[in-house]
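Take this structure first; my questions come after.
Order as written gives the chain letters A, B and C; numbering starts at 1 within each chain.
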Amino acid sequence: MATVARSIPDPAALRRRGRLNAGDALLYGITLAAALSALVLLILIAREIVADAWPAMKEFGFGFLTSRTWEPTADVYGAATFLFGTALTSFAALLLAAPISIAIALFLTELAPRWLRGPVGALVEMLASVPSVVLGLWGILVMGPWIVDHVGPFLHRMLGWTPFFKTEPAAGPSILSAILILTIMMVPIISSICRELFLNVPRDLKEGALALGATRWELVRGVIFPYARAGIAAAMILGLGRAVGEAIAVTQVIGNNEAITWNLFDPGDTLASRIASLYQGATTKLQVSSLVYLAVILLAFSLVVNLLARVIVHRVGQRHANA
Amino acid sequence: MQHIEVAEPASSAAVRRETVFRIENLSAYYGKAAAIRDVSFDIYGKTITAIIGPSGCGKSTFIRCLNRMNDVVPSFRSDGKILFHEVDLQGKDVDPVSVRRRIGMVFQRPNPFPKSIFDNVAYGLRILGMKDNLEGRVEHALKRAALWDEVSDRLKDSALALSGGQQQRLCIARAIAIEPDVILLDEPASALDPIATASIEDLMHELKEDYTIVIVTHNMQQAARVANMTAFFSISGGEDGSRHGVLVEYDDTEKIFTNPSEKRTEDYVTGRFG
Amino acid sequence: MSDTALTTRTLTSEHRTRRRIVNWVMEGLATVAALAAVALLVIVVGSVAKRGAGALDVDFFTKTPSFLGGFGDQRSGIANAIVGTFLIVGLAVLMALPVGVLAAIYLNEFAPKRVSSAMTVAFDVLNGVPAIVIGIFVFVFIVAGHGQAGIKGAFALAILMLPLVTRSTQEVLALVPDAMREASLALGAPRWRTTLNVVLPMAVGGIITGATLATARVAGETAPLLFTTSLAANTVSWNPTEPLASIPMFIFTSAEQADPSLQEQAWGAALVLITFVLIASIVARTFGLRSRRRLTGGR
């Protein structure tokens, strides 16, 4: 059979032309640039919005965070009302969402028959893919009136002695609507993270408890929760971050009111919803700058939330790896 | 180097053959741990050289040094020389990509691309710009790999539809299509059934006429059946309690299996350990 | 709960009954929670479908908003919003997809593990930045003083998409078996050839799936558009250098109107939007599962 003649390799042919193959260098360079894009964007975002917020930051300083005055006519601005609103709505929503999400996650990992887990899990996830503007639309036109008619009077009757339900529920936007909408948005996020966590609890830990005759609830309380404790905390922090940043659905249902109030039936405002409400144009440069100042606060918060959650997850990963 | 044809099978060590690889004091490390230390021997052209030894003795690490495949592991480094026709393959200015074009490799688990049979064999040819008479080259490679008769009517079918033995022969065809000088085989039949294994072994006898073949195998009988020369690696302990591979003995296959010089070799080939 | 506590507890039978009741209650609560979530989804989607279906006629899809009718009788269409969303989302994909895929290639194929983990953090952090902040950033960066434009809104959406595309592409690339890369390298192919001729073709299915899911996500976003492309004319425009209408913005502005016929338009647009988002998600996920199975189970 004829074979192609092969000469003893010429040493020069084996030698490199330059450190890296040209094609490799090109692809490496392009992909590296792309990989740095996120970092570049983050730096750019921070720099640009701080720069534009600077006039307001210089004018009001940290007093911006404690001043309740948001008066365009006097060109004086302060974020305290919105900080309060953000805190109230997000924490209240977290209070509601956390147990519900954990319960759903437990249902999907421990309780439900296998054939049910996939479909139900998918449906819960689908709740997350409903656009926030649609949720807000539903909130104003369907949920809001329903609450005023059915839930509000009951709450006012039972809990009217608390500062939260002092007045009769009135038609229109309310903090309560915002809290409920935020709860709906947080639940899929927190429950999907918790699902992952619960699935990763080592089987032998669970079997050990079951072998001792523990009921499912005791298994959850005694084994799963302690093991997944930190992860659950991280999930809640991430859910909180999402709630704090939500602008559209909240601005649609909350009413953009500029007073600090504990009464959930009153309209209110949050940082994000105030920003969204001014999209049609601000009147003065200082107002625009104050608007961007609000965005700076939001950005700072989201960074803290993200890093905090990562630190928790990282620390837990270490502990479980060393166990 | 003089070039003298050797009649097979190799019997006496006094016959001079062309040296293709001269390995001098080769040591290889993953991070701080040594995988092999101080390996030195020559590999001759147009012969089949088997590397045998117990698991963990560094056989795979060694063979992957020959075509710079260990470069893909970030913690890898090596000392010593591997002279391939008098070019040190580990030299700073040697391009691993060019090395692999002349020194091909077939892996333990057949790894054809999820493409057609034809495209698998043509892959190397297209990349290297050997596109003239593509069909002819593909057919030639498949014939040399003893696969042509079985696939000539379905070259466009997916390679993944072939049996394990066929896939491995396809990988061999893919490797020889680009006309390397050397073919390295890292336990090529260990994932195959006995019939497929036999077909691979027959194939190697034929390929030896045109290529230098180095084969790692944990199957001593296979080495005895197939190889002209055999290198026996084993595990040694270091002063610090670490374990690494060393070359214990290298000789004609016949001698290794019937009358080895080293006791450790004798223990291994007679099955007393390993 | 310590082991001894568990064992002593199992001994008394009245304890056993109480534990069983507690367990039963808890299981009930968990089931109720899950059912409530599913019910909520059905209610929301159901509301949208019921209230929006009436608005969907041919005119709805082909005409643009006109406020010539009286109160309660607005005849409106979302043709300009449909075209606008198509353009804005399309441009966003064109911007984000290449960058995301290339970034994922670097992170998975070229970067050493430690570097890759560190750089991925930036993408995760970017993912957590609220959409309204990104909208404000783009406003401050290229809109203030220059005017709104559809393409600027697309840029904001692209920033939102980038971490999603990068993450999903990374996951797919990691699924491509190393044996394939080895086989290619052993034939003397340089890294770039291996990536382009072997790895990417195998990952293409998963990349498309991830991109589709990311697109479905950002198509429904309103906040990034508020300050970048919200003040659009009521005519169909194919020019991305002008502010363009969009379905989310249409819903947003129509929702706060008191006029019920406008509200019906909003429901109609919402129906169109969630139909698109849900169908795209389902299709992407089913194809994604299939191509994932082929990558991992095919050998």
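In the analysis below, a residue touches a chain if its C-beta (ideal position, glycine included) is under 8 Å from a C-beta of that chain, and two chains touch if they have at least 3 such contacts.
Values in this document were obtained by computation on a predicted structure and should not be read as measured data.
Visitor: Please flag the chain sitting at the greatest distance from chain C, going by CA centroids.
Guide: B
Visitor: Give me the ID of the chain with the smallest distance between its Cα centroid and the all-protein Cα centroid.
Guide: Of all chains shown, the one whose C-alpha centroid lies nearest the global centroid is C.
Visitor: Using mean CA coordinates as chain centres, what's the chain B-chain C distance in Å?
Guide: It comes to 50 Å between the two C-alpha centres.
Visitor: In angstrom, rounded to a whole number, how far apart do the mean CA points of chain A and chain C lie?
Guide: That gives a centre separation of 14 Å.
Visitor: How many angstrom between the C-alpha centroids of chain B and chain A?
Guide: 55
Visitor: By the touch rule stated above, which residues of chain B touch at least two different other chains?
Guide: 97-99, 102
Visitor: For chain C, what residues touch not just one other chain but two or more?
Guide: 190, 193
Visitor: Tell me, which residues of chain A touch at least two other chains?
Guide: 21
Visitor: Quick check: in the complex, which residue numbers of chain A touch chain C?
Guide: 21, 23-24, 26-28, 30-39, 41-42, 44-45, 48-49, 51-52, 99-100, 103-104, 106-108, 111-112, 120, 122-124, 126-127, 129-138, 140-142, 184, 187-188, 191, 209, 212-218, 220-222, 238, 241, 244-248, 252, 272, 275-276, 279-280, 288, 291-292, 295, 298-299, 302-303, 305-307, 310
Visitor: List the residues on chain C that touch chain B in their complex, please.
Guide: Residues in contact with chain B: 112-113, 177, 179-190, 193, 197-198, 202, 298-299.
Visitor: In their complex, what parts of chain B are in touch with chain C?
Guide: Interface residues on the chain B side: 67, 69, 72, 74, 97-102, 104-105, 107, 109, 111-114, 123-124, 127-128, 160, 171, 174-175, 178.
Visitor: Looking at the complex, which residues from chain C come into contact with chain A?
Guide: Listed in rising order, the residues are 1, 3, 6-7, 10, 19-20, 22-23, 26-27, 29-34, 36-38, 40-41, 44-45, 47-48, 51, 98-103, 105-107, 109-111, 119, 121-126, 128-134, 136-137, 140-141, 144, 159, 162-163, 166, 190-193, 195-196, 216-217, 219-223, 226-227, 230-231, 248, 251-252, 255-256, 263, 266-267, 270, 273-274, 277-278, 281, 285.
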